[in-house]
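Next up is a structure, given as structure tokens.
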Amino acid sequence: MKWCVIKIFQRLFAITAVIGIVAVGMCPATTEASQRLASIAGIGDVMASQSVSESVRILEVGDQKEYTRIADALSAASDGDTIRIHTGTYREHGLTVDRRVAIFGVGRPVIDVEEKGEGIRITAGNVHIEGLEIRNVPTSHSRDLAAIRFERVSGGKVIGNILDNTFFGIYLARSHDMEIRDNELRAYQTRESVSANGIHLWNSDRAVIKGNVVIGHRDGIYLEYVQESSIHNNHVEKNIRYGLHFMFSDDCIYHDNRFENNGAGVAVMYSRRVIMKHNEFVNNWGAASYGLLLKEITDSEIFENEFSGNTIGIRSEGSDRVKKYRNRFHRNGWAIRIMASSMDNLITENNFIDNAFDVSTNSRQQSRNRFEANYWDKYSGYDLKGDGFGDVPYRPVRLFSLIVERNPMALMLLRSMFVQILDLTERVMPTITPETLVDEKPLMREVRL
Amino acid sequence: MIGKILKYQLRDVIRSRWVIAYVLFFLVLTDILFRFGGDGLRVASSMMNIVLIVIPLASIVLGAFYLYNAREYIELLLCHPVKRHQLFWGMFLGLALPLVAAFSGGVLLPYLYNAASAEAWRAALMLVFTGSMLTVIFVAIAYYIALRFDDRIKGLGLALIICLFFTIIYDGIILFVIYIFSSYPLEKPVLVLSLLNPIDLGRILLLLQFDISALMGLTGAVFREFFGTALGMAISLASLLLWLAVPVIAGFRRFLVKDF
Amino acid sequence: MIQIRDLNKKYGTLQALSSVDMEIEPGRITAVLGPNGAGKTTLIKSILGLVKPDSGTITVDGIRVNGESRYREMIGYMPQLARYPENLTVTEIVEMIRDIRKSATGTGSSSSRDEMTGPADESGTKSGLSQAAGSDDMSVRNGKAPSTQKRDAHGETDLELWQRFGLDSEKDKPFRTLSGGNRQKVSAVLAFLFRPKVLFLDEPTSGLDPVSSSILKDKILAERDRGTTIILTSHIMSEVQELAYQVVYLLEGKIYFEHSVGGLLDETGQPTLERAIAVTLDRRLEVPAGAGGAS
């Protein structure tokens, strides 16, 4: 807190030095000091990125202010202007931002769309939107109505907004180099057909999406044809379909996100060179649900993630050359379900703990994936050599998991004595489980993460 | 009067070696699991397998043995002004309660001194509840058998067979049915089948605690409805209670008219 | 004292008792005899209420035996093989039986004989009782069985046998550690403890040493003299001859004959009961039921 204040004062000082006393002078005395400081700090950001030589105006919107409607301020503004929207509820919709302005909410003003259309559409580059609350964007079957939509722009920031009960939340179409940070998005639909995505990116490269909270949408974060973007530190929860839905998006990285309790988990599809690290995939339950679905993902890395309490930790279909290491799989129904269509994957140095099934596969054919040096809590071998690796190989595919594969209902017998005896006999004399799906040197101790 | 009979029963049973062994068995096992495996949740989950095998077996065997050994004692007490129904409850609770206490104590004590988390406690209590129910159910079955068959070899044999049947054979049959009729919609029948076996019931109750994430992988609306809601819990509990009531009442009625 | 009318009991296809009619008079010792499987045990257990007959009635001192537990207050039973909870000490077993009697009806141990005659004996006050019983507990626990006279004065439990068997030395031992003879002694003490009006003794002296055996026999005769009705079974005919007034001989669930011991000896002219019975069976004498008792 103290640090914050100092920082703000520093900035305040810098701004004052650059643009003179004008901005401060125009601040209405009625606003709280802290708000004033914060918004001025924001202005500083924008101003700093622009050339100082332009004549800059600040347009005030609010009750008994220069403008009472946001739309009026927007049409009056010119490139480089700042629009300050003060506390209050603005019943406006279909706002268009077609010039380079910065829009700040002062004391969290509410824009209530009243189910009449979209919220704000931005068609100019480097627009900054911060501190607003936008409500009640209606479901539409013909139009992608969003609270904030960027259309064919380059650069721009959406920071610290609250989007409540919206169809789409933040929508980026053919917009590059965007930053979407610290927003909170909530939707309340319960059916997939009438809900839309929280943060939706289409054909938009080099985006940074961080620190957002996305709850209750169809897909929490949706990326399609997005390159070289980073998605990190987001909290994505209780979305109807996927927490993160990721298609045809190469060279992206996502890390330190938490995906919890989403309908079908996280789906990463048809992409190359994706890095997934430090994420948490938690409690994604359901018949067709998983922590992480990999579909036709190649040359990617998945490491140091936590998969906990998911029906399936990772489901891998047609994904090749994916390296999964140093992940922790804990209390999942199936830790890894690797389909026969996946090849040349390396699974190493992961911890498998308390999963009902560690690994399952849909085929008894020879596996073309390597399991090596993982820690399996069900491993009961010994290490006489003392090199830290068990002397006997571990077979993570249980006979019972093959039975369940064919007859899902047999799952009812999980942990029954009968099934344990079946598994034991198979372990002693393997005849049915795939011979090559084996960890030749299982770790004796958990990998320290 | 039930209280008086119970008092002396308890005094007798508590001093017997097998009850002490029974406590120690669970105590040592739980303690070892804590030492080797860490958190209380894992311990409860590991104990689940043991509980589902050991408790039915121990309860039915001890129950049958106990009642066979108490035959002369029952005759003696019945020559005193004791009503048969009082004696029955005294004898029944006199064994069931110490067994439940021994098992619960053995399992829960390590939770106390290992300062387990709230979640672990919940799992442990669920485990103890299920184990206790199974104890009482299998003691009741044992009593019924011992009252039905005067020949103790026959009775003990039958007790073992019943135990074996419910622990292993029954599940084998379910799996067989699932395989044979795999092309038919079997959700409901399979669900009903597992409700008909107290051990399966206990297992499902515990699976709802420990392996819910796997169970949610079951396709089919019936399962999702059953496992996804409190309904499953309620139905399992109700069936378990029914499983308790049937042998107890059967044994009780037999006790009232039996020739000793 | 005990009336049995047309008593029938079948175990599966085996007719354990068929149309048994019998009357046992008060204040006498009746021996129920017969080969193994003749129905002796079934008969006694029927009177005790342990076995439920298929048909027929049994009344004990005017109370019908049909699941009604209260009449058992006037009954003492010494089984052939007594087994009590293994881990209870002798003291605790005595305490337990007393406890159970006490709480059974609220009268129990302190009821005098006269009060016990009918179903109307619920009138005893509980507070007085439990006090009295309390003092009993103490004495047994301390191992000092007070004198019989003192007991009589209280009109309470009878610990004469406890004393004469010298059970004080065994009082803190768990039941499972007792020898067969000591178990039998404990069983005898408990049978006589509440001064029952009717006593059932199943092979009472088996397993007892000669000294204890004669102590027990003395006690049986003394009780008879006090007016107790006693039914016993035994394989030792000299014992029966010594104790019993009459014998009831059962064969295949029927009363084969019923005769006074004296009459039987006179009629057969034999010196011992054993021989007298052998002769009687040999001759296949048909003695009408009840005729023997009159002579």
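A few remarks follow.
We call the chains A, B and C, going by the order they appear; numbering starts again at 1 in every chain.
Criterion: contacts are C-beta pairs under 8 Å (C-beta built on N, C-alpha and C of every residue); 3 or more make two chains touch, one makes a residue touch a chain.
It should be emphasised that the depicted structure is a prediction, and the values quoted were computed from it without experimental measurement.
With respect to subunit B, maximal separation of chain centres occurs for A (centres as means of Cα atoms).
Comparing each chain's Cα centroid with the centroid of every protein Cα atom identifies chain B as the most central. Centres computed as Cα averages put subunit B at a distance of 41 Å from subunit C.
Annotation: 87 Å between the Cα-based centres of subunit A and subunit C.
Centre to centre, using the average C-alpha position, subunit A and subunit B are separated by 46 Å.
For subunit C, residues touching at least two other chains: there are none.
Residue ranges on subunit B touching subunit A, taken from their complex, read 42, 45, 48-49, 52-53, 167-169, 171-172, 174-175, 178-179, 182, 186-187, 190-191, 194, 200, 203-204, 206-207, 211-220, 224.
Within the complex formed with subunit B, the subunit C residues making contact are 11, 45, 48-52, 67, 69-70, 72-73, 75-77, 79, 81-88, 92, 96-97, 99-101, 103-105, 108, 174, 200. Every residue of subunit A that touches subunit B in the complex is listed here, in rising order: 283, 285-287, 289, 309-312, 331-334, 354, 356-357, 403, 406-421. Subunit B makes touch with subunit C in their complex at residues 1, 4-5, 7-9, 11-13, 15-16, 69-73, 75-84, 257, 259-260.
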